[in-house]
Each structure stands twice: as C-alpha cells, then as structure tokens.
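The first chain written gets the first letter, and so on, giving A, B, C, D, E and F; residue counts start at 1 in each chain.
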C-alpha cells in the first residue's frame, strides 16, 4: 500500500528553495533514509511532509492524519513524569500502548521520574516512545539516534523494524548508521536547488529576486 | 605537562552520586574519550571538570582558566551574525584568531548570516569554532559531533588533532566514533555509583538517605 | 481536547508552573499602589475600581507568554499541530486553561484586594460580576497576542504592546460596571456591552489566533 | 566587560530585542489607568505621581527576564561563568545594559506620560530627578531577582513576586519625592534616602546576584 | 510679521512641531530611499563585475 | 489590466517612477500653499490666532484615520490575493500614519492649553486617537520584530484585521465612557455655516496637500521597501549558492 508519494517537490527555507525536483514514494513496510551534507535541507523536507510548512512547488500525496513527526525537540515537559508525558500524547492521538512503548524503549525503571531529570539519551528514548503511541503508519524522524548509546540504537532499530513489519513506513534523516535492515537510502545532494527563478513566486525572496 | 588530574572523584546529579571512585590524568597532547551508556553520568562529569558544579568527593587538579567547555547548548545568539557571535567570545576570552576559526570550520561563506538561520549542523560547527578562539589548553566537549555530516566530522577531528599537537588536550564524551587518531578511551561503566552511603553527606538526598 | 486541558492545568499546578502567581502579582500591585499614592482613603476610594481592573489585566498579561511559548520551545506545538485536534480547538482550550489558572483565582481573591484599596462595599458584587464576565475575553485576546509573537525570542514585552490596546474596550466597560455599581447607578448597559465583547472574542479570536500560529510554525 | 556591554546593547537593539518596548509599556499603562479610573481630572491628579512610579517599576520588571534567561537557555551563561571575567562584573554589566535599554528611555519619556496623567507641571522636574536616582536600583535589584529564578522555566511571575517587595522602599521614596515636589514641599530628605538605597544596591547586590547565579548553574 | 497675540506660543509651537515632524518624516523617507537605492546599485555593479 | 500588473514589483517601479514627480509637485503646492495661506488668515473673534492650528490639525487627523483604512485594504489584498507589493505598501504606510497621528495629538494638545486650559483631557476624540497611535506602534513593532518577511507580512496582516475591529470597538467604548469637550465636525454639509470661507478654502487646500503628501511618501517608501527586499533576495540567493 502506498503511504507517501512526492512528485516534483521543491521546499524552501528562509524564502529560498533548498531542494528542487525531488520525487519518491514510500510503501507500507518500507524505510527510507535521507542523507546529505549539513544544510542541504533534510529538516526542511521533513517538516514539509509532516504538514508544518507548505511545499514551494510539486505535490505531496499522503493520507490525512498519517504522519507522526519527531524532531530535535521532543515535546517533553520537564515537570511531568515520563509516564505522564507519554500518556498525554497517547490520549491526544487517541492511541494506546503507552506501557508497551515504555517497555520497548527500556524506560520502565524511569517511569515516575520527572522528565527534566533525564539524561540526553534518556530524553531521546522518551521522544521515540512517543512515536509508538501515536498509532500512525508513517514515521517521519529527524536524526532519531542523536545521543543514543549503542544498546539504545539497536533497540531503536528493532522498534522501527517491528513498525515496518506491522505495515508502517519510516522516513528518516540522519548522518550516522541506523542499522535498520533493508532500508533504502536517498542522497539529497543531486536535488540541491539551482537558484533559477521559479515561474510563480512563492515568497518575498522569490518575488523580488 | 599535566593539564588535568582527577582522583577518587565522585560526582552527583539531582543530589545522588552517579559516578564514584574515578581517577584519571590528562597530559598535553592527549585526548581522552569518555564512553558509557545513556545516563551513566558523562555530562555530569564534564560539568564538574568545567567548574560548573563541585565534585561530591575526591579532587580535580587543573590550572585556573584552563578549560574551554562546549555542551549541547552552544551559547549562540540567533540575532547576531556568525562572525559577531564568534567575535564576542573571542573578546571575552581575550583570544584571537576568529578568522582562522571560521576558516577551519568552513563557515566563511556563512559569516554574515544571522546565526538563527543556520541548520543544526552549521550551528554545531559555529559552537566548535568558538572553542578555537578561547585560547584555552583543555577542551571539554559533550557529544561534539552530534548533527555533523561526515565531512564536518573529519574537519572536527583535524582541528582537535591540531589542538593536541599545539600542546592542548581534549576530554570528550560521545557515543559515536570521532575518528581522532591516538585518542584514549575511558569507559565509565565500572565507576557507576554503588549507592552506599558516603562518609560525608554532600547533599540533602545523601544526608537523609 | 480534554487531555490537553488536563495537561495544561497540571503543568500550571506543578512546581514552577506559576499557578497562583497571578494572584500574588495582583496582591502586590494592590499593595504597591497605596505606597505610591499615599495611604489617604479619600484619594484611594475613587480610584479603587479602576486600579483593581488594571491590576487584573496586568496579572493576566504577565502570564500570557505561558500559553504558547513553552510549547513552542520544546516542540510540543509542532506535534499538536500535526495531531488529530483542530488547531482552533487547541487554541481555545489553552486560553481556557489560562483563564482557569489566572482569571478564576483572581476573581476569587478580588474581594480581599478590594478591601486593601478601600473599595466601597456596595461595589464588591459588581466587581466580581464584571471580572467574571470580562476576564474570559482577556484570556482569549491574550492567546491571540501570544500566537502572534510565539516565534520571537522573549516576545513578552512586544506582546504586551500588541495586546493592551485590544484590552481597552473590556477594561473600560469592566471598570465602568464596577464604578457605576459603587455609586448605585444602573450598571446593566456596560455589563451588556462587556458580555458582548467577551462572546464575540470567544467566537472569533480562536480562528485568528490559530492562523497566526500556523504562520509561526512554518 | 566592554565586549559584554556592547553585545547586550546590540542584542537589545536588534530586531526582536525589545529596545523601547519598556517605554511602550509605560505609555500603555499611563493610558490604561485613566480608562480604569475614569476621565475625571480631579480623581487623576492626586494619584499621578504614584501611578507613574508604579508604571516605571512595572516596565522595568517586565523586561527583567531578559537579563539572564536567554543567556541561560542557550548556554551562554555557562560559558560566561567559565570565562576569565569575574562573575560579579558580568552581573553588574548586564544590569547596566538593562538600565541603559529600559531605565534611560523611560526617564526621557516620563514628562510626556506625566501630561497624560495630569501631573502638575511643578512636579515634573522632581519626577525626572527621582527616576534618575531611583531606576538604577531597580535594574540592579531586578538582576538579583533574575539571578535567583534563572533556572526555572518561565520564572517571570515568580521573579516579580520576589522582586516587588525589594522595590518597595525605592518606590516609596521615589513617589514621595515626586509628590512633595508637586506640592512644593521640601523633597530633599526622601531624595537622600533614595540615593542611599541606590548606592547600597549598586555596591552590594552584584555579589548576592552572582552567588545566586553560581548556585543556579551547578 | 503678523501679530499672533497672546496665543503666539501655541500657534508657533504647533507649526514648529508639526513641520518638524513632517520634515523629519520626509527626510527619513528620502534618506532611506537613497540608502536603499545606493545599496542595491553597488550590489548590482559588484555582481556584474564579479 | 489586472491588479497583479500593478502589484508586480517591476511594473510598480515603472508606474510609480513616472507618477512621482507630479504627485510630489502637487504635494508641495498643496501643503506649503495650504499651510502658508492658513497661517496668514485673520484671527477668529473667539479663538484668536489659535484658529490657525486647524490647518495642521484637521488634515493630519483625517489622514491618520484614512491611512489606517488604506493599510486595512492593503492587508486584505495581501491576505486574499498574495500581492507582495501590497504587503510592502501597508508596511510603508504605517510610519506615515503614526506621524500623522502624532501631529494631530501634538497640535491638539497645544491647542487645548489655551482653549480648555489643559494639555490633555480624556475626551473621546483625543482618547481614540491615542488608541489609534498605540495600534500604529504595535503594528510597526511587529513588522520590525519578525525577520522572515513572509511571516511578518502574514502576521501583521492578521493584526491589522483584528486591530481594526478593536479600534472601532474602542471608539464606541470611549464615547460611552466620557462626554468630552472636542467640537464636532463643522466641515460637514449640514453645519456648513459654522466655519467661515476665510478658513474653509485654505483648509481644503491643506487637506488635498496632505493627501498628496501621503501618496508621495507612500510611493517612495514602498519603492524603498521593494529595493530592500530585492537586495535581501539577491544576497540570500548568493549566500545559498
């Protein structure tokens, strides 16, 4: 089943296109890893697909309410406990399985700890656990394994694998090896925007350039 | 020349010891990489050595004003340009070489860009450039290569190498390979605090445990 | 929606969340004005209704940046925008949470501060009614100002500048109700206007605020 | 030190830095009080000195969280603490930058707001002198409050609560100078007290503030 | 010189302040416009050469 | 010819460049002529020489309101049709409106001193102008606080819409709140006799002058904004490349 199809996609940041002419598809059970040097536009592309910003050109076809997005900032409230943080997102997304998510990310021992008292890697694990309670098929992840130790990276790979096997899909940007078997890679370098003027200006920078 | 000597060191976080009985030394020209699972206490240890929190027990011997510390937060002002950010820290530390640092981190093209408009990796590079203008011998770095692409990680390794060759030293916490030739590694797992009551309580949590 | 309300209330009540600080600020202001003005009852009594309303308004204003700024910083707002809630609903719920944690305690505490400022007893019920009717509009308009400035680092003061003129009609009618009440005149007309403004704000502002929020998120 | 001062001023002037917003807030407050109190000049004039001083104090207060909070969030404060500056000096410089960007514009704009609040013309010079002498203490005490609450997420309202009581002596003497000036009485005694408070705060508070800062950083 | 009577201050101050504000606005408008034009021209010349 | 033609930066630069000399000449004639003629009018029997203030006060007051309305229209065009130049025109108009408001307030205050014995009175007319000034300030501050021009245009547009509603509301609130001293509109058709012809014609001339002055300044400032945006766009493209 097709979960995501992008065609002729251009995305812009700061009013200028960073990526142009990108097309790809993502079916259930697939994982796609975005690669490319710093500043090429991975984060921008992911925000676009998550629906947080409109594309500058081209089309993104996906089912409504299909995307679960996880960025550098995890949306974790330091004053709430780990379990409370997770339960909140579970309720908002109408999902279930908070307990299973805690177990999968090895956070059970920390469940009652206020999230502000977690180390960098523990916080990241909580952020990833949140994905599991959204119940959404398409995971869109920006550098998901930052700060994770080797064991947690393995655990993360397993969780993604299970999600794919259950009919989900994952789109991830990263600079390091994720260790997810069978993931396709897509290097964004060839799609760097050329800087040619677009037909229909989308921003001030384009309208006046 | 000895730059740092720690002995019988215990550090605590949230009033509880996380690391105990740690001893190590660092001489000019050496690099030491701290490893260990998430939450073992790497960040805490580094803050302690940077002088931001006192050790719970043991001693840290280092010269005054020897440490340059770089953490997850880079101390970058989004409203100032890249060059202005760097120039400020150069003046505060009485250091020079802002231009050289920009070059070393490949930031010259971005020098006039407001720092708020950098991508995650570009911001990180600016944070690392700051180290070079402090003129301090001992670099204390917490996960320095997070978000860096392969080319920038290489560049970072070169910069550290040059710093070591110039008589400096570096203490770094990381989960991924830094690629610095000749760096020693120190795994913190064996020093995990046992939870035994200390002889002299250092915090409320210890005094009443 | 309910989950969001509960979370916001819980966050407000947790240590450092700032529940009750609005009231504390209101108290301090009511205490400061006599210091500034001098303890003379004849000078204080006529200005008391106005000062009380201005104080309520400022206490409300000072806590506005909590509505969205924290959620923006830690990424929750991005996640809420992609969640299956309508953003308008989320805005309204957050304004409601703000009112429950700031407006409501203020209303409960107002009689006390009335006494501090020598407010005539006859005006007391009018003060409470006017606050009850008017403060929801303050929270809602405040949410709009907060949504406009959420992307800006420390937009607090700018937000005050944007929001205060929007508060003026509410303030005028609210204080007028209290003052007329104190003097035994009919206060029904301004009260009706006050209610009209509040209802209008509650009905329309969530759309403006969520539009502003969407712009700031992109 | 100079580098720090220049950076702070530059940050304040940059877009979104909030320079001049203190004045804007002061203006809005002076405009709001009459809306609350009513347009009657007889009611306004006697309370004008007090309201003006309370307004200056609140404008100052609202911009306090800029002193340290941003630098704490982005890690600059950690770096400053490990830099070869004495932390006391850094605190004093940051308070000075706050005064230049908030107190000074306030003083320049005060006569205008005096007119809005129907302040008697005779009181005008006294208002300015009292603000000139008193506001440095407000910035310094504010830096102390900001240092105490810097670790807390959104400590703004809590900080107001801590700082306002510290402001009371300054407020009392400052408003007293203006009021006596307005009535043509001798204002020298409260002015001396005001100056004394300011000098004391400038001499001692940097130490307390930097101690608080060190605790919050560890 | 026309005689303004006892209201001379009010009238002269009004015209003074009013014209000063207008003049300031005009000056700022023209200065900003000249600055923007120069900046754009230097930039275009530089990129033509380079 | 569609509106887009004019809202297109290149076309706007051409047309405005051709219009400017004529409009500017009219503005100079109207403003200098109206104010100069006004200054030389004879004293009023009741108000004495203070009547001369009216030639600054009334045109400025009218422009202050009209400019806000123009900003509202420009904001709507931007929000609905996404014409970039109209967003910049709204931005360019705001400081002019703020200065006009300030002139109305300042001349009114100076007039109030001899007429009512006070610089400032919380009269509804004056009060609504103060509120209008606050709205201008907030609008300008929001534009300058946001760096990304696309967001800034959208957010200030929304603020302008909401602000207009509340400016109107405040006007009614203020009328309810205080009776006031300010005279009504004596230029309106019904009360034609209230102002003698001696004052009426220079006042008309000054009003036309102020309108043309606004148009001149608006065109220049919009051109400035366009050039700034163009430079920013070119620089952005270069650093990115």
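Some notes on this structure:
Throughout what follows, contacts are C-beta pairs under 8 Å (C-beta built on N, C-alpha and C of every residue); 3 or more make two chains touch, one makes a residue touch a chain.
Chain identities (UniProt): A, B = Heme exporter protein A; C, D = Heme exporter protein B; E = Heme exporter protein D; F = Heme exporter protein C.
Owing to the predicted nature of the structure, the values given are computational and were not obtained by experimental measurement.
Between subunit A (Heme exporter protein A) and subunit C (Heme exporter protein B), the least number of touching-chain steps is 1.
By C-beta pair count, the most extensively touching chains are C-D. Taking each chain's centre as the mean of its C-alpha atoms, subunit E (Heme exporter protein D) lies 16 Å from subunit F (Heme exporter protein C).
Centroid to centroid, with C-alpha atoms defining each point, subunit B (Heme exporter protein A) and subunit E (Heme exporter protein D) lie 53 Å apart. Here the CA centre of subunit C (Heme exporter protein B) is 24 Å from the CA centre of subunit D (Heme exporter protein B). Looking at subunit B (Heme exporter protein A), residues 72, 79 sit in touch with two or more other chains. Shared interface positions of subunit D (Heme exporter protein B), defined as residues touching 2 or more other chains, are 15-16, 21, 24, 28, 34-35, 38, 153. The set of subunit F (Heme exporter protein C) residues touching two or more other chains comprises 131, 134, 137, 141, 145-147, 177, 230, 234.
Residues 109, 118-123, 127, 130-131, 134, 137, 141, 144-147, 177-178 of subunit F (Heme exporter protein C) are the ones touching subunit D (Heme exporter protein B) in the complex. Within the complex formed with subunit C (Heme exporter protein B), the residues of subunit A (Heme exporter protein A) that make contact are 47, 50-54, 65, 67-69, 71-77, 79-80, 84, 88-89, 91-94, 130. Only residues 16, 18, 21-22, 24-25, 28-29, 32-33, 35-38, 40, 43, 46-47, 49-54, 57-58, 62-63, 65-66, 69-70, 152-158, 160-161, 164-165, 167-168, 171-172, 175, 179 of subunit C (Heme exporter protein B) touch subunit D (Heme exporter protein B) when the two sit together in their complex.
For subunit F (Heme exporter protein C) in complex with subunit E (Heme exporter protein D), the touching residues are 31, 35, 39-40, 43, 48-50, 52-53, 56-57, 60, 95-96, 99, 102-103, 106-107, 110-111, 113-114, 213, 217, 220-221, 223-224, 227-228, 230-231, 234-235, 238. Residues 131, 134-135, 137-138, 141-142, 145-146, 151, 154-155, 158-159, 161-163, 166-167, 169-170, 172-174, 176-177 of subunit F (Heme exporter protein C) are the ones touching subunit C (Heme exporter protein B) in the complex.
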